[in-house]
Each structure stands twice: as C-alpha cells, then as structure tokens.
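Submitted below is the structure of interest, expressed as structure tokens.
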C-alpha cells in the first residue's frame, strides 16, 4: 500500500477448516521486504493457524484453502516435497516454546549444523563455523559452549536466540515468529523483539510477528492485523491503529496491555459485551 | 455416571468384540456338562482319532473326546480365573484404598507391592505352588498373591488422586470421620480403575493356569484343562495335530477376548491412561 | 553417583526380600507337615524328623526366621534335599544356560520388534501397519508354550530343520549351540517382539508430532532425515525401560520354554525342585532371579543417564 515493489508474501482469501469447523476465514495480507507485520489476537483467534498455513506445517487434519503467494509462486497446492524444501531456505519459523521446539537429546550444534549442510551444502567444519557466526549474530557470541550444550542447559532467552539463529541460518527472505516472547521474562521479551527487528534490517527480511499482546509488539511493527474468531477485524499501519482503533475489540486489546509509564491498578480484561459485539460483527457463531 | 460409562462401553467395538469372545467361552464353560460328554471317561479303543461327526475335535491320547476336554477345560480355566480375580481384586482394592489414605499403611504395603511386582509372576506362582503343594486351592492362593499388587497399585493411585481433590480435602479438614470419607469419595472413584484391572488380572490368571497345568504343576493330572491337553500334544503332534490346535485356540480366544475387553474398559473408565 | 547407587540399591531391596520372605512364610503356613510331604509317603517318622531338622522346622518361628536370615545374608542356601549338591553350585551351573537362552531370545525380540514398530508407526493406517497391529494383538494373547509346541511341530517334526530338544554348550560347538537354541529363542523372543513392537510404534507415533520434530520439518529437512535423526532419537529412550522389562519377562518365560525343549537351565532346575518340593533349591533359584532383576534395573538406570543428557545422578 505504500511501496511499489512486489510483496514477499501475499496471502488472500485464506481459510482453514478441520472437518466442518472453520478455524480461519478469508484472511488476507501482504508483507514487504524490510517491513514487520504484527498479527494480533487472543488465543484461538486463528493467528497461529494462519502462520502454520503459510509455512505448510498444519496438522494433516486441518485443510487450508485460498492463496499463499510467496515470491512469485503460489504455495498452496504445491507438492509437499517442494513445499518442505522451502522451509529454512526461504521461510524461517520461530516457535513459541524454544524449550520444546529444540530437540532435548541433541546438542545445539547438531541441530544447527544439519540444515546448514542440507540447504547450503556446507562441510561439517564449514557448517560449524557458520553456526558460530550465527550465534554471534543473535548475541550469543561470547557463549562458546552453546554449540555443545543441550537445550535444558540454556536460559529461556538463550534458547530463543538459538531458535532465531536457526531460523535465519539458511538465508530465508521471510521470517514468521509465532509468539516468540510469550514464554520469556518481560525484560528478555524486549531484547528478543529488538533482536528480531535488528535482524530484519540487517538481512532485509520480511517479518511476521504473531502475538496476543498488541501493546508489546506495537512499537516493533509497521503494520498490524487484528484477528478475532478466525477473521481479520482490523488492519492498517500500526501507528494509526494504536491512535484510532476502528473496532471496540482492538481498543480492548490495546487497553488490556499494561505498559510502562501508565499506572494500572487492576489488569483490565476484555469484557463479554465487547466480545459479543465483535463476534456478531465478525459474522461468526 | 456409571450407567453412562456402560453405555459408552456398549458402543465401543473393540470392547464388544472382546465381550463376545469372552461371553462365548463363559457359555461353553457353564453348559459344559450339556455340551460335552464325561471328561473322565477313558476309552483305550479310540485313542488319537481325528475330528469326525462323533468327535468334533477328535480324541486325545487316552481316547477322551477332545471337544469335551475343551469345554470342561473352559470350566476349569474360567472357574479358577473368576475366583482368583474376585479374591485379588477385593483384597487389592481394600489395600489400595487404605494405602491411598493412611501414610503408614502405604509405606509398608507399597514396599511389598514393589518387591512382588518387579518379580516375574509365573516364576513366583510356580515356586509358591512348589512350597504349598499341588491342588486347586493352592493354585488360587499363589495366583492371588501375585495379582494383588497389580490391583493395589492402581487403586492406590486413584485413591491418592481423590484425596487431593478439594472437596475431599475440605471434608477431612472439617473433621469428617475417615471411614466416611473413604466410603463417600475414594472408593467409588477407585472403582473404575479396578474394573480395568479385573479384566487384566483375569487374563493373567487364564494364561498362568494354562502354563502351570502345561508344566504339570498345581492341577491334578486328571482334571480337564487346556494346558494339560497341550502338554500331551507335544508327544502326539505328528500323528494327532488336533490335540495341539484346539486347546491352544481356546486359550488364545479367551485371552484375546479379555485383552480386547480390558482395552475397551480402559478407554471408557480410565481415559487418562488409555493410549492415544 | 555412589550415593545414588546406594539409594537405588536400598529401593530395590524389596525385590529380593519380599519373594524370599514370602516363600519362608508360605512354607510354614502350608497346611499339613511340609517335612512329611518332602520325605515322601513311605518315609518313617525318623526320616521325617530328619528332614524337619535339616529345614530347621523344629525351632520356634522367630528362631527359624533369624537363622534363615543369617544364612541368606551369607548367601548360604545349604544343599539340595535330593542331589546332595550345594544349592549355589546347582544354581550357578543352570543359570548360565538360562542367561544364554535369555540373551538369544532378547536378540530375536530386539531385532524384530522395534524395526517393525518403526515401520508401522511411520506408515500409520497403511496395510503393513494394520496387519502388524492385529498380529501383535494376537501375539499378546498367545501363550509362549503353545507357540513353542506349534514351532516344534512345524520346524522340528514336519520339516525337521531344527532339533526339538536338548542343549549343546557354546564352548563345545557354537554351531550346534545355536542350532539347538534357535527354536526356544524364537518361540520365547517372538512374543516379546510383539510387546516391543507395540511400544516402539506408540513411541514413534508420539514423537512424530513433538514440537522439536515440527521444528526440524520447518527447517526443510527431508522427512527421512527427520525420522532417522530426530524421531528415532526421541523414541529410543523410553524403549530402554521397555527392553529392560522385556528381559525380565524373558527370564520368567524361559522357565516354561526350557521345560518344553528339555534345556538344562534354571527353569528346569526350578521345576524339578517344585515337583520334589526341594525347598532349598527353590529358594536359591528365586534368590538368583531376584538379584538379576536388581542388577537389570541398575543397568537400565545407567543406560538412561547415558542416553538422556537431562538425567544426571
């Protein structure tokens, strides 16, 4: 809407169903190189399903329809093998729980080196060197032992940095981060978000940041997509939406986020009336 | 709640297949005197006859009708199985509930249970029968001792879980009599896991009785039993395959029925531990 | 580590103590006079009295227990009532054979079960999976001795490719040794393979959808690599426990299998002892099996700590 270049990712009319139950309906958005899109909503709003559909890692019982247009190619309907091969090399994915998303019984080095060798054809030694560089890039440069460590030996922040290093390791153009900071302490949350934005700039990535916390991701994103009950209820430039949310649901999301500099006596909750109104508006049951 | 669970059970195809198999064997066992002839009638003139119209399953090495031996064997297996299961489940149930409730009982009983559980049960039963001497009562005693720990352990688990439930905790802190709390909450909840264990215990008994009588331990040799018939088959297999086949099939069908029923019961009564 | 080992040994003590005490109590609670039963129908009262003294049944229960405990702690089980041979020697001699049979049967189970479990688990709902799942259900209901009888009938009697009974020691002739133990090991191991099959299939199915496996997929690794390097690695750890338990039940099953194939192992020793009520031998067999169980448990613990970096003692 503001650049003339082709977006890296253009999703349109995306729906996902499990049997007769609709999980995501008619979702559409674009992300450009060097830009961040925040996808915000409560749990169950369909934001993670949307990301998994883009990535092609939906559980087999969930069926996706519509269009996921990535870098000039339609991904939906692409043969599974082609689709799989794009993972890591073209699209990176950062999971919510680095503790469970990293293999508990394999050393960090082993897990980082395998995709490097597979996608970039590096030798074992080259891949190891590259892994060390990547760790440095995500701020784990001084931590020499990380490659030989197991995931349970790292702190929460370190784990997520490792996860991010892995996601960017094979040169993706799009990075999807699904609630990347939810499992972390508040101070570490900010560090990780700053890291993601810095990497987006350094690597000229298109970044999709999925979160339930609009207040947290607002300052790290250019655009926002608000989802409720599997639908997009509001989307636009972040600054505008924070300033003047069109929907009561978005306002409620903004108010629900406690922020520094504003005293909160009691954590506000989204009250039922607002939810019901949004639900009616979203056309859902 | 119990009625709903039984309704679920009726709709569980696995459980119903198991129940059907088991039901068939129970009918055979109950009607054995009507269905078969005299299991003690030895006929030296017609030994090792192949299956025919007069002897459906053929005859064994002593000239006894094998069909008669199989249905009377069902009586032996299921009879001992039923008595053992009832004894083991009742004792294990009481012990389990007590363990879940009284810490000192738990400390003692669970050590014993652990010790017995980690030992191969068939070896223990054989040895107990060896110490106590042959006989049906001895076999039942040995099998019961081996099975009690299995029931005790799961019932104790259920009882501990119930004890931690808020409503029970609040009743205890209000000073309800312990026995009342036990009856009111712990016992019914533990009942559903016990039902599952009963099916398992039953299948273990049937297999063990067959194994023991196959080895010639415990049961007097003239009592009709599947294991005894099979052990004769070792010598006559080449000339009389039927002795080696029909009693074996009877064991497999009975145990399969119990295992399937147990699986179904677990899905319905104990969904937490049921396989995904 | 030493501390841990001591603690574990303490926890495993009941495995040895409970069956032993149970035997002790049962013998003394048994209806009738065990000494008379052991001495036989035609025994004179002097002979019965002699047996009673040998078993120490003429003292008070507490005295009996203390004497008994003292002997067990010193690993002194006395002599067989019939063979006039030390129980320890008898047990050691027969145990060697049983251990060999158990190891072979374990090899059969471990070679067949997990491989099929992985094959079925990664092709869920396929024809192979359905056939194997059904087969393993039947396998669990199949008594090992019946399988042995059937195998003997087919391979020993009809085709005559394997001997139906007997034992040749490994040092005497390794080929004949394997030839004689093939059918027993297969009949014993095949059913445990069914158990291993079910567990490894469940383990693979469980691991296939673990988040860390999804991560490997999201990194674009081919499914073959994902399964070989990520799924197996996760599924193998719980299998250690299962294989340990399997080894235990194989030893139990060996008792029955040995008697069918006339293999002079612990099972045969125990069965003969049970038939003759040779009480000291029964005690010795049970003690030995219990000790093996305890050692097995410790080995499982050690393997666990080797395979799972999260566990350190």
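General remarks:
Going in written order, the chains are labelled A, B and C, and every chain counts its residues from 1.
We adopt the following convention: contacts are C-beta pairs under 8 Å (C-beta built on N, C-alpha and C of every residue); 3 or more make two chains touch, one makes a residue touch a chain.
In UniProt terms, the chains line up like this: A = Peptide/nickel transport system ATP-binding protein; B, C = Peptide/nickel transport system permease protein.
Everything numeric here is computed off the predicted structure, so don't read it as measured data.
Counting only chains that touch, the fewest steps needed to get from chain A to chain B is 2. Centroid analysis (C-alpha atoms only) places A farthest from chain B.
Here A-C and B-C are compared, and the pair linked by more C-beta contacts is B-C.
For this pair, chain A with chain B, the centres built from the Cα atoms lie 55 Å apart. Centre-to-centre spacing of chain A and chain C amounts to 52 Å, using the average Cα coordinate of each chain. Chain B and chain C have CA centres that are 21 Å apart. Against chain B, the residues of chain C that register as touching in their complex are 11-12, 14-19, 22-23, 26-27, 30-32, 34, 37, 137-138, 140-143, 145-146, 149-150, 152-153, 157-158, 202, 205-206, 248-249, 251-253, 255-256, 259-260, 270-271, 273-275, 277, 279, 282, 285-286, 289-290, 293, 297.
Within the complex, the chain C residues that touch chain A are 209-212, 214-223, 225, 229-230, 233-234, 237, 307-310.
Partner chain C is touched in their complex by these residues of chain A: 55, 57, 59, 81, 84-89, 93, 95, 97, 100-106, 111, 114-115, 118-119, 150, 152, 163, 166-167, 170. Those residues of chain B whose C-beta lies close enough to touch chain C in the complex are 111-112, 114-116, 118-124, 126-133, 145, 203, 207, 210-211, 214-217, 227, 230, 233-234, 237-238, 241, 244, 248, 251-253, 255-256, 259-260, 275-276.
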